[in-house]
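The structure under discussion appears below in the form of structure tokens.
Going by the order they are written in, the chains are A, B, C and D; count residues from 1 in each one.
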């Protein structure tokens, strides 16, 4: 923290001197290195980063890697004396860890100095991936709202709907509870003689991100977020995990237990599954005729049940950044209305709420109209110092249920102690 | 005369001294790059050190107790199974192929050898990706091929019952070639006279294999097996790329467990403890290997 | 062999042929996939006829910075191999000829080679970030010496063992000094062995993953790490993976064919005959 | 010009003394052969003289110079190895000139010397070949050439002919002898082949189990062996030994008893032996070379009845191998005068050609 504080003071000093400097000078001679995930938002940014380079006479290097590598690549850099990265994108569940470890800077003074308007963001995103303990450490970059991706062409087929009515004695509707979702998926897979659902049961991240939707959908959670007592063995959680296990065993594509989102997307793209509970950001790739056989055949609906799981990414400046002024310049630029809008139009997941009201945007990405609802009924993982370990621990539980056939109740109860250990002594939770 | 003797004495000494100069660079480098980090690692294994919180207190055997109580048993069992299956299968395949390739009058054996040795060149990462592509349950060619034989599609890496076996298959594909090379070189350097003598004594192929080749090759075989076993115990790349230890913990090895503790849980103390236990096992095996090598 | 029944040959060809096919077919499949786009790559049953595309190669060469990663791998593998060969063969000579340091030294060196990399990567990770070696070529070169150097020492020891001691003695009597014997006699006599050791050590470094994964960064990423990062959540760039696999193996294959004889000769006994 | 002096040299490997307090004086220009069975320490001694093996104790002098601790290159010696030890990556010419180059001789001089040696050894046409392209005999010549061009004060040969076939061995032997006669340099030559020792040496050093058993001319060793070891090692076919004993009574009469088929028979010794006979009762071995026995069915004098088991014709002579009182014995006959196989035959002994050894100390009783 000492280092972080020092850098902040330094940044403030730089800040007071800033008016004398032209904006372009801050970045002179220093490149901007960013580690990013290989997702459409990264592509969207890559296509317009030239503007910033031109304006500030600098170079923006984007290192795009597989998600599972990101955290492992960031930690060495952040713990080093100077960072290899000048701007960080921080996943929502790394926030607590990065804050506690003192790896990211408090941005409030910079926001105040340059009068950056943070009210343009969805409040839920700001809470999830902006502020920690009242201080702003990040500006939301994009979110990964999740929901049901399903085959519009199949479910809207009259024959399908008739069969559905015969089976369930009601008109077709998108399932509203997980129990209903479970039934419908299993039945429709059998009816169409294909996989009812594409799932990603691989550990750690894929299975956790997916199963957390079921957990939240049933109204369960990992902890009581006031007392931080584990609630992971609650009846809701047991129900959620049971449904998840039922689906992966009885309705998912073969090998779902070893699949990740890549496989989910590919299964959908090859027209081999009807449903999926997955990321909305997959949508642009489902619409890519070079990759996909289901162009214009997919639709999006919110996760059935209570809440869906929401993740998000935010921009942050590492405490050990080489040139804080330039990093901040870049964040300001990338989150400026103009640039945010361009990124959105290129297939990104905007975090600023006004974009979703833009007719041209909705016209280009109609499925985005649903996002508002999704964000309203969603919550993120608890913000705690060891939430990356929370993901690992939950993945272990899911693994023992799915692979070793431990009864959900037993597995969840057995894990309570581990969940308890994770929050012990956490400075963020006091 | 006395003076000459002393001078000459020094000359003799100089030769002795030079050998240390020859050994020194390697000794210094290995001390710096291996011994030093190793000692540091031992030190870390007795500390409470979670990267997020920074260095904590002295932990005593706490880290060891935690990992032994936690997953260490399960990952050891997986490592053991994996090592045993891989090494056994690879040995029999490689030894069989080496024997076939060692028939002096078989046309095309050089051609076979070239092909069979290619996996040595490939990075396990690429191999893993290649097989993930082919074993992909819904999109891979393997399920399509077995579909032609009337077998329903399998989950392979995602199926708790098949995952370990599929990993073993990939490992066999990858590592057999190295074993083949060692055994083939061993067969090539084996004296042919005893084999010829046995042929004249009326031994058939099986007899020759059992009573001549096997005993003559025993030292080479033992060393090859042990080297491969030690390598298999620490295997990491394939697991990382193929399954990340899943499904569940079906394919989680000690190395991967240590990695996960260190770089996912950021618990350096526990990770160091696990890796240190692994090290002890490997050192024990290495010493055994050396004894075998000395005996032969 | 004389008196060998025909079926033994047929059976040999059948088994060896099957094994070769099992090795070769996946490689050919990768080669094929590197020339198709994703829809074709994932289509089952596979198209026998397809329009080959160079898009994957174009993508990895132009957008993916393949050249940089290739160069990183090359620099690191080459430098490590050269260092290991130079100091390793000196040490191997001292150990083989003079038992320098006693029987403990070869044991210690072998034990080093057997060291699981995971044991070392944790301390390296912590030390490197403190001394600024993370994300540098030098850092990776240092770590690669941990497995490379002992490997070379052991290989070279076995090659030197096959150089008859009388050669040293003849040279000593001919007037060569300690270093002269090594330089003029032992090294040239063990040349095939050095070639084999060099290639094997190069391959080892070229394919290394764990150290590179944890200790390299954008600037120093090696090919295996780069390839592994092509697997993304949003879609494995399967064509690109295959194309880069092909390009990563290509130099190895070329080396392999160039020095195949040397390799087998170096590894089988009797390479160095007086 | 240099002789070699080995003074009280001890060599131990760990706790085992291979050689103990060994003394040996070799004159300048002398051809000395160290002979003995493998493991007797002869090669170790040679290697210590060469400087390839450190001396545990004692001193070695070449000429007047103490070279005990001198490096091999500083001893002015050349050595020919059993395995030839040709540098595999160099041509024959390069092999020969390597040492000269290291000693920084002028190029011209090197060429002259190599050419000269090549001519002498008849290997001019092989100079550009690598060792693997040479036959065993040719390699041997190159190895010799490598030694010759150095013009050392001392040549060391370590079983140089043992890897050659019989015919080549004989001709190379002559070659080496000729070289020595021409150069008059000191040569120390190690072999386990007694024929080589007898044909080549000015003096032979017979060694067994790290001890020098006898030093002498070939004639000394053949005709006056100092021990059972030397007696049985030198000569082919080897000496046969019969058991016997000396009693105080026989000693006084100048007789010994030999155990024969008929029991103990007394043999009267020539005056040469009688002076040194022990007076107390002593078990002895009586050594008989094949030529000491003559097949003579009717002859008078001391004789033995030998049960003939094997007959080996060898051209100019025929060897008869038989048995006397359970001990094997070999006798030489001339063709045409050979006893029948499978029956006892009477052989006369020439008392001047017998050797008597103390059965316990194994030393000769020759005064």
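Following the convention adopted for this analysis, a contact is a pair of C-beta atoms (placed from the backbone, for glycine too) under 8 Å apart; a residue touches a chain by one contact, two chains touch by 3 or more.
Note that the structure is predicted; figures quoted are calculated from it, not measured.
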{"item": "B-C against C-D, pair bridged by the larger set of C-beta contacts", "value": "B-C"}
{"item": "Farthest chain (mean CA position) relative to chain C", "value": "D"}
{"item": "Centre distance in Å when chain B and chain C are each reduced to the mean of their C-alpha atoms", "value": "15"}
{"item": "Centroid spacing, where centroids are CA-atom means, of chain A and chain D in whole angstrom", "value": "92"}
{"item": "Geometric centre distance via CA averages, chain D-chain C, whole Å", "value": "55"}
{"item": "Mean-CA-position distance for chain C and chain A (Å)", "value": "39"}
{"item": "Per-residue multi-chain contacts in chain D, two or more chains", "value": "71"}
{"item": "Residues of chain B touching at least two other chains", "value": "15, 139, 143, 263"}
{"item": "Multi-chain contact residues (two or more partners), chain C", "value": "42, 125, 213-214, 228, 230-231, 236"}
{"item": "Residue ranges of chain A in contact with chain B within the complex", "value": "68, 71-72, 75, 79, 97, 100-101, 195, 201-204, 253-259, 263, 266-267, 270, 272, 385-386, 388-389, 392, 396, 399-400, 402-404, 425"}
{"item": "Touch list for chain C against partner chain D, complex", "value": "164, 166-167, 169-177, 180, 184-185, 188-189, 191, 272-274"}
{"item": "Residues of chain C touching chain A in the complex", "value": "37-39, 42-43, 125, 128-130, 132, 134-135, 213-215, 217-219, 228-236"}
{"item": "Footprint of chain A on chain B - complex, ascending", "value": "50-54, 71, 136-139, 143, 153-160, 163, 243-250, 260, 263-267"}
{"item": "Of all residues in chain A, those that touch chain C in their complex", "value": "33, 35, 37-40, 61, 63-67, 69, 72-73, 76-77, 79-81, 84, 206, 260-262, 265-266, 269-270, 281-282, 285, 290-293"}
